[in-house]
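Shared between the two complexes below is chain A, which has chain B as its partner in the first and chain C in the second.
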Partner chain A sequence: MSNTSLIFKPSFIRNPSQNGLGRYVCQLQRLVLKFCKNNGSSRGMREFIEEDLIDFAKSNSGIVVYLKPRRHRTAVITAEYLNGDKQWINCRNFTKVEILKWLNLLKTQQGDTTGTRFLKLQHTEIPSIQGPWTPYTFRPPSLNLTNFPEESISKLSEKTSATKELLELYEQQKMKSKGTNL
Partner chain B sequence: MFLIRNSRTVCNRIFTKNFNFTYAEKNIHRWVAPTLRELKRRKDQLGPEKPSPRSSFLEWNYEAELFAFGKRLGENFKRDILKQALLHSSYVHLQKQENNLEDLKDNSELIAEGSNIINQYLKDEFLKLYPRDIAESFLKYLTSDNMMAHVAKHLGLADLLLTEELPVKELTLANTLRAVVAALRLSEDLERSHLFVRDFLLTQLNGKTIFDIWEPENPIEYLNDLLKVKGLAGFEARLCNQSASNTILANYQVGLYSNKTLLGIGWGENVETAKNTAALDAISRIYNLN
Partner chain C sequence: MASIFKNILPKLISLPRAQFVRKPYISQFCLYSTAPSLTHYEIVDHKADDEKRNLFKSEIVRKINETVQNKKQLFAVVHVAGKQFKITGGDIIVIEGYWPPDAGDKITLDKVMLVGAREFSLIGRPLIQNDLVKVEATVIEKSVSHTKTHFRKKRRKQYQRINFYRIPRTMLQINNIKFVGELDNPPDVTEAKNRQM
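Right after this comes the complex of A and B.
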């Protein structure tokens, strides 16, 4: 994480009101496209309105699109979401394709996410089904019937140490190599 | 002498011109800052702005909004019935006071009808899976004004409904959702309104456990009664594990057994709470709640 991203608000991806569990509802409810009818900076917006807007509105009939011509002012997209968020995008000198891409982003997100940084790209409310580990998980059931102190449990383990095992392996290798030489 | 003096002024002019060219002039006039400051002062004097409904904006087309509302949810509402469902009595009252000509019908009938549909459907669904007392507490949880208002807001009803109050109260939002369910029944059929309730209201239980919503006051007594009803033998509690006793991290695990079979197992910082959680576990196992 770089220093510049520290100013963004950290968040997880969210799903408002269990959307998509029953049926999917597009969270973008309203769009206002503001543009100037003769200024050059709104040219892309005008082209988009002339050529692609009808198709966009037809394929997304759940979004209300308003057009707001304003003289000599920059082209702007204002998006309103079901959760009450309102997002404002400056579209000065944007091309038609850029505007279409922005609209595609707006209609696929759940709210205004500008100024936020995702901590992870996935999220779950139930991180573990098994539950946390406790000292009693996976405890051998035979311990239920033992009377403490039990001699067999408190004995030192007779396992060979790792160093000793390695030395043994080394000895075995030596023997083998001697055998092959003969 | 004249010529020399004249040439000097010309030189000066050229110099100042060049000076202006190399070091750009400040573009913001001296009057801008004081004017903005004065405007800010007057705005502060007026106090905070009153909240205005979205419908009072210039870019607002009620018919288009209603069309989009139906399409968004994938439902075909009859326009006049939907309009009636969004019309609250306070708004009708206001309209009648202003001009007596309009004959508007408010949504109070639809609210009652929608409430019946929702209650009946949810009750039937819950009783298929859960005993009566649990089903009732689920029903109470889902049909509370708080929950209904939350769902209504996320369907975009807050901007569409017509009421006098601003900001819109929770009860009004919840009532609008009830009326919309009734409007769906009138527009299409009862099955469609049931699907609507299932998809938007019933799904709110996702991620909740039973004991988040319902909890018996005394789990041990509840379990005793339950075992009697089921015709099972009474249970005995056994301490299965314990650690760190006599410290603040004390931990006990209690299991409830009936005829040497485990009914439920639970934890606690003392034996009493461990017994209660074990009883809750036993209840959820008997009812098959997990």
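Right after this comes the complex of A and C.
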């Protein structure tokens, strides 16, 4: 057992809100972009706000975006989801593109997944439809009525082996070629 | 030369009657060659067996069509992004690695390798008949995995590296699996309107 299992909380994949069964609902509700107006470490964040934020907010009308300028602190993104999760991302010295990439990730997530580790990558309510295999599945039902030991079933099969068959084919070919050469 | 004709002629005559003719043109070309053996291809006449087989097959197809009409739960094995998943309606699967579909997209999984219900299973070679089954799915999450550690160390060599990485993950909700086509009656190959990239 590695230490990974101690750090990350194990969980199974699930979809408690049944999202996507009917229509898909974006689970991200609120975004708070925190930044400093003059510190260099939030330069990328300021650029993003000046150039791309309006487009982002317009194309995602379901998400509320707050801006929170604060002096001499690093840039931070806080995201709030429908299920109550709150995710915090440190954006110190991030570029404009990096911030957009993280925002897109937050937008497409269902909740905060950073602290959890999936034990399985598949979830099903119906594990088997045809039932488990037993030695009697796909056998002829006539076997139910036979009394064992039965001679006709237990005798050796009379099939020729593959080697023998090949040898026979070879012999046949030999005969053929002899016949055409004449 | 006469012996060659003796070999060829019955085969040529049987051409229109034969059911499974594999590369008949080869035997025609062989008229001009002097090779002793004609080809290793054989013309197999399955006509005698065919009626029996067709009867057997049509009965199976009829039974499957009956069970399909009852709208019972189907399962399928689909090939998605290099991996195979056994799925039924209502399942959730996670696809690892870069995969373009975005959250909220409704997609159909077209590489169906097997489909089955309680009474039957149709096994593809490797895929089942084109447009027979529709597997509908919705992308519900695009996320990244937990942080994984890649740690290398060589003892007594002053060598130690540590890397952290996260794998992109896509969560898919399987909406339903249903029969849309007709069994044993595939559509024309020429129709390519729904397969344009």
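Just so it is clear, the second predicted complex is superposed on the first by the 120 of 182 C-alpha atoms of A that agree within 3 Å, B and C clash if a C-alpha of one lies under 4 Å from a C-alpha of the other, contacts with A are read in each partner's own complex, and residues count from 1 in each chain.
By our rule, a residue touches a chain if its C-beta (ideal position, glycine included) is under 8 Å from a C-beta of that chain, and two chains touch if they have at least 3 such contacts.
Note that the structure is predicted; figures quoted are calculated from it, not measured.
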Chain B versus chain C as contact partner of A:Cys26, first or second or both or neither: both
Touched partner set for A:Glu158, first chain B, second chain C, both or neither: neither
Contacts of A:Ile126 with chain B and chain C, given as first, second, both or neither: both
Greater chain A contact set [chain C / chain B]: C
Common interface residues of chain A - those touching chain B in one complex and chain C in the other: 19, 21, 26, 125-126
Interface residues, chain A side, partner chain B - complex: 16-19, 21-23, 25-26, 29, 32, 61-64, 66, 68, 80, 82-84, 125-126, 135-136, 139
Residue numbers on chain A that touch chain C, as the complex places them: 4, 8, 13-15, 19-21, 24, 26, 105, 107-110, 113-118, 121-126, 129-131, 173, 176-177, 179-182
Partner chain A, residues of chain B touching it in the complex: 54, 58-61, 64-65, 67-68, 71-74, 150-151, 153-156, 158-159, 198-200, 202-204, 206-207, 240-241, 243, 253
Chain A-facing residues of chain C, complex: 3-4, 7, 36-37, 73-75, 85, 87-88, 90-94, 96, 102-104, 116-118, 121, 138-149, 171, 173, 175
